[in-house]
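First the structure, which I've put down as structure tokens, then a few questions once you've had a look.
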Amino acid sequence: MKTKLFWPIIVLILILVINLFFDRSFFSIELRNGHLTGSLIDILNRGAPLILISIGMTLVIATKGIDLSVGSIIAMSGAIGAMTVADTASEGSGPLWMAIGLSLIICLVVGGWNGLLVSRVGVQPIVATLILMVAGRGIAQLITGGQITTVYYEPYSFIGGGYLLTLPFSVFIVAFVFLMAVLLTRKTALGLFIESVGSNADASRLAGINSKNIMLMVYMFSGLCAGVAGLILSSNVMSADGNNAGLWFELDAILAVVIGGTSLMGGRFYLMGTVIGALIIQSLTTTIYSIGVPAETNLVVKALVVLVVCLLQSAEFRRKVFGIGKVKPTGEQKGREGVTLS
Amino acid sequence: MNRLSLDYKQLPLVATISLFVLMFSFGSLRYTGFFSTQVFLNLFINNAFLIVIAVGMTFVIVSGGIDLSVGSVIALTSMVTASLTMEAQLSPFIVVPISLLVGTVLGVIQGALIHFYNLQPFIVTLAGMFLARGLSYMISVETIAIDHPFFNFMANSQIPVPGGNFISISVVIALIVVFIAMFVAHFTKFGRNVYAIGGSEQSAMLMGLPVARTKILIYTLSGFCASLAGLIFTFYMLSGYGLHANGMELDTIAAVVIGGTLLTGGAGYVAGSVVGVLILGIIQTIIVFEGTLSSWWTKIAIGALLLLFIVLQRVIVWRSEKKHANG
Amino acid sequence: ACGSTDESSGNGENTDNGTEQTAEDTKPEETNSDTEEKESDDQSAEKLVIGFSQVGAESEWRTANTKSIQNAIKDAGHELKFSDAQQKQENQIKAIRSFITQKVDAIVFSPVVETGFETVLREAKDAGIPVFLVDRAVDVDDDSLWVTFLGSDFVEEGRKAGNWLVEEMADQEGPVNIVELQGTVGSAPAIDRKQGFEEIVSKEDKFEIIKSQTGDFTRAKGKEVMEAFLKSDGENIDVLYSHNYDMAIGAIQAIEEYGLKPGEDIKIIGVDAVRGAFEAMADGKMNVTIECNPLFGPQLVELIEKHAAGGEIEKRIAVEESMYTMDQAEELLPTRKY
Amino acid sequence: MAQQLAKLEMKNIVKEFPGVKALSDVQLSLYPGEVHALMGENGAGKSTLIKVLTGVYSIDQGTVTLEGKQVSINSPLKAQELGISTVYQEVNLCSNLSVTENIFIGREIKKYGRLAWKEMNQHAEKLLERLQLNIDVTKLLSSYSVAIQQMVAIARALNVSAKILILDEPTSSLDRDEVQQLFAVMRQLKKDGLAIVFVSHFLDQIYEITDRLTVLRNGEWIGEYKTEAIDRMELVSKMIGKDLAELEAISSKTTDISQSDTLESMLQANEVGLNGKISPFDLELRKGEIYGLAGLLGSGRTEMARVLFGADKADKGKMTINGKDVHFTTPRSAILNKIGFCSENRKTEGIIPELTVRENMILAIQSVYGWFRYLSRAKQMKIAEEYIQLLNIRPANPEQLIKNLSGGNQQKVMLARWLVTNPDLLILDEPTRGIDIGAKTEIMKLMTHLSKENKSILFISSEIEEILRTCDRIAVLRDRKKVQEFDNDRELTQQDLMKEMAGGM
């Protein structure tokens, strides 16, 4: 676990330090009209949706699955949330709860749908979730009638734009979901079961684990996370955009999970690593915006950073380039051979 | 014994083909003008490039990997082709080989990174996807129209087929690629090695197969197919553009998986992927013929048809598996 | 078209569009009702099958545009075959091809990109089906392949934005720091609106575009990018030029959260005179909006019918467009249809 | 033989894994025309030595000379090119390919520039015939049992003109006849001048086929001996490092038939069967008895066990446990009824490779508890340490990933997983596969102990002696059908059983 986190953290720090060259005050955090502001807080705040869906995605990936539909679920959740309160003029919090409840329940159901297709019907995860990836956006647009609906109901903005104890509220949401995920997976046997199913589903079944339900649960959780992320995004801009909300988020989320050290082959998962992975992606994005990289080179920069992170995490690469392996040859070897040989 | 006889392994493939026939009949009954050879041939004309990348992707997925870079490679190839033809004024005899090299080189690099540094294909090719698209923006953010006799010829020639219908040159190229790929997959060592690696990379290594070479070759092949598809796409569009084929990697993966290839590797057919492409094509055709769907209903309908198809496929496979077990 | 995430580029130099035309009519609704009635009187005799291939539903502008065209066709009693390309050129080509096999009487389409339609347009011509381009032109030498092009001029929109700024800042001492929120990289509106704007502001030294980044035409991205701009340049920013209304709204939120006053501390120029833009201007949060009119369905149907009846049609017909400032907002708000 | 030039010399080989010195200063020399045994307990380093030799692992120190020339073998491919053909301990074939493909891949027969499937199929059939195996070679390997897969792996290794043949526990899942077939082939090869390395935990087999042997213990080289010159006791004492006197004590503890005295029924199966897998059978298991299933390869023992456990859903028949009707649809329902099942295929159905020894051990009990009643870390550790000691699992580190354990030790962990759940009925499918003699007696002892505690055991083994020695009653299966049931009294002999297994002449 420690070594898994080491390189991602280094990269994160590196990206942040690069910012320091362009902006001396990058690390400073100040109190402005009762809100803590600063680049670091911004990154956390902006990264909240990505962190959330990455947490859900981590568990899905740990079962050897993948969830491509999260981007569309974000759009659906935002659309439902925003449409529920779109015509509300009142200031009470009733409609807010209604919006939150409705969209989260639907996202849970939608995630469950993915889970059923994967676990009960036996559809390959990538295709099963592709269905919703395509159709979900259509449903979101259906809900909004293809418009970008603006919400004028103030309380709604609290989810993604509010502050609590001087910190953005979304940071608390992320912290809560993260803690819940950690508690559920590490303080109960759920994490063990997920890793077991992801590592060898047949053997897990024979050991008495209900693999099907575990998979179902994991997709439901991912749907829920995406739902929360959708509410944050939509509330932050006080509108619902069925077509563009959460577009291509699924790829960033998968990227975050992998950077965090979880293998797409299933098995061990690292929630903390995922959060760091998501933060890397978010800081990279923010950095690109603020240091004035020309828009057309954004993607090239991103590609290079992704590659560097992955290479740094590769034991083979470190051995060849830094010669670390020469000092401790067998230590490095384990990573590779251990995977392939029983 | 006879490898051509209907094998239990080929079940998903058979299921897919029958469902294709079913969908085509459905369209024919529902819409006038649907039941025509040209509608069927249009599936090939409109999807020639998709067929070519699906072929490359089939090898990758059968080997247990994935290649997300193909869509962007199409964009990059079209961009390179267009800028070399129109801005550098080079002859097609130089432009075409260079364009084909674009994806091939990227494929070699991706394959090498995946193998030697033990990186996950998903991530390496995701980086490749960002890189290729980024590079095409860097060539130009605007579209470059191609006006060159060679390209016009490739784009506009119609090869007549009996019955007053026609196909395009690209279709011929795509079909040739398919046949070569089928041969490679089933009648060459390389092809068998791909299946073995997909079954178990560790076992393949212990059996003394050239895992490194094969893996790098697989990604090279996929890169090459993507470039070739990029060329076909350029013929189709007669332009280079950084936003071309956005998201096409997912269409490709969907086609391959629908065609019966297992994403976990080790099983699948090139022919299946072709049928997979045709299925995606026919879903679109049905939607166009329907002609009344709003944007969002279009998306929902695509999803629903995809679902219908996948569930039917599962049911057929299940039932025959049961029969197989009982027989 | 305006503020869309679709892909297209260089609208060429169709400068025959004119500000002079826009003066005639600033209320689109009027045109609608007029033309609709006219149609039903004149040519209700022939019922046409019209295939319409739209880019997608990526923005409010686009949805309004789709509705306008769909309704106009249906109201005129024609049969509509509608196909949505989901922002992909391949899909659009497929759709047109399918219209040809279905033997429609006319094809209407908004090209996703301006290049690459030659082959399929030729097929349409061979089949004797007239093609009407809306919103965007295609870049094809042989202009016999289509009947007419009805749409707006993005470069001109950029120029209008630039001109307004030059005038507004006429007596301001330099330097004037501008940040720009671009549309989707590579899309026609993004390229052209950037180009038209730069053309004007680069004439004076005091203007400087200090940051220019893509906000993908979306509110969320617009907000995020603006936040980053504010972090790095903060109070130095004098003007924001946004390629569409949505990003402008996102940016306005960011500016307010940062503690500045949008419209005062930072002047805001947005394209797309959608209803929301008028609301923002009425609130004093946006200074000017350049119109990009999506409601040209009736105008289009009229053209199709005219062509079917054998009438002559110009190759380029501009849509009426204008520019609105903060002062007009309150008054015009109730009249906006979209 | 020693006068001949050694074909292969390995000298001062050192191989270290993080935390484990798997080989320290080991040597091995091979001569043409000999069968050379590698002997040692589970985890002694036999497989590691083989993997080091064939380029799967890199060597930390030491040299390898082949026919006088020093070589560096860095991949299995290279080893093959040098004429070393290997069957690794776990079946390492591609189960998604057909039997023919598995035999020929890497050295396919080509004709007119394309692969000649027809020829290969014929060849494959011939090869397997040599091992007395008649199966459809075009079917996927995954449709066959482990034992057959093992035979296919051997056939593959025989299909090359190798100079050195390495067989790592090829006999662990074969029954007597297959072993004899294999030996016949080995003798032939020996005559042809091949050098063969052979690993097995069966001393009988060692004495039957090998000429010389090398003993390893804890990764250290103990010695090289002529097989005929070392007697069993001495060999065992070398392997486990205890002197002869101590050994005497151990061997006298040999187990005896448990002889349950209750007649109380535990499980009853009535006409339970699964179409295509196992014909309907009746079965009664009593409390405190060890019930053996005997049969030849593919006779349906595994199938029967799986149906009883609910791993495959029975499509006919009725089952009762303690008089209560039960219907198992999933293994889980069986486990909740206090049944445990240790699969014969530990690689695909047993171990969870990415998890640690501790986690693998507590998996079944935890799944009984459900995910809310999570065993505390301390409790898990206690369980793990207890069973590591009880079963003598090495390395004795509960946090080791199970995939890094030697085959035999993995098997012990699997056993521990089920012992932890304290089941009323424990189904053991080839539990002694790949386990060394010491551990084997230990497991037999455990079984009798359990039966004394009134637990029932269903025991499947290809070792007829093992079955005879431990079981109260024995069923014989043939052609996926239960054909006979014996009470294991003193009169029952191996011959009786074998006759029945082979066809009841």
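Read from first to last, the chains carry the letters A, B, C and D; within each, the first residue is number 1.
Keep in mind that, in the parts below, a residue touches a chain if its C-beta (ideal position, glycine included) is under 8 Å from a C-beta of that chain, and two chains touch if they have at least 3 such contacts.
Being a predicted model, the structure only gives us computed values, none of them experimental.
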item: Contact-richer chain pair [A-C vs A-D]; value: A-D
item: Farthest-lying chain, centroid of Cα atoms versus that of subunit B; value: D
item: Inter-centroid spacing, subunit D versus subunit C (mean Cα positions, whole Å); value: 73
item: Subunit A-subunit C separation of Cα centroids, rounded to whole Å; value: 34
item: Computed distance of Cα centres, subunit D from subunit A, in Å; value: 44
item: Distance between chain centroids, defined by C-alpha means - subunit A, subunit B (Å); value: 29
item: Subunit C residues counted as touching two or more neighbouring chains; value: 56-57, 63, 66, 185-186
item: Residue list for subunit A, restricted to those that touch at least two other chains; value: 141, 146, 296, 298, 341
item: Where subunit D touches two or more other chains, by residue; value: 56
item: Chain pairs that touch, as defined at the top of this document; value: A-B, A-C, A-D, B-C, B-D
item: Subunit A - residues contacting subunit C, complex; value: 22-23, 32-33, 39, 42, 46, 141, 145-148, 150, 161, 233, 236-239, 241, 243-245, 247, 285-286, 288-296, 298
item: Residue ranges of subunit C touching subunit B (in the complex, touch as defined); value: 7-10, 51, 54, 56-57, 63, 66, 80-84, 86-91, 93-95, 97-99, 101-103, 113-116, 118-119, 122, 139, 141, 184-187, 191
item: In the complex, subunit B residues that touch subunit D; value: 1, 3, 7, 9, 183, 186-189, 192-193, 195-196, 198-200, 202-210, 266-267, 325-327
item: Footprint of subunit C on subunit B - complex, ascending; value: 33, 36, 38-39, 42, 45-46, 137, 141-147, 152, 155-156, 236-239, 241-247, 281, 284-285, 287-289, 291-296, 298-299
item: Residues on subunit B engaged by subunit A in the complex (per definition of touch); value: 113, 116-120, 122-124, 126-131, 133-135, 137-138, 141, 201-202, 205, 250, 253-254, 257-258, 262-264, 294-304, 306-307, 310-311, 314, 318
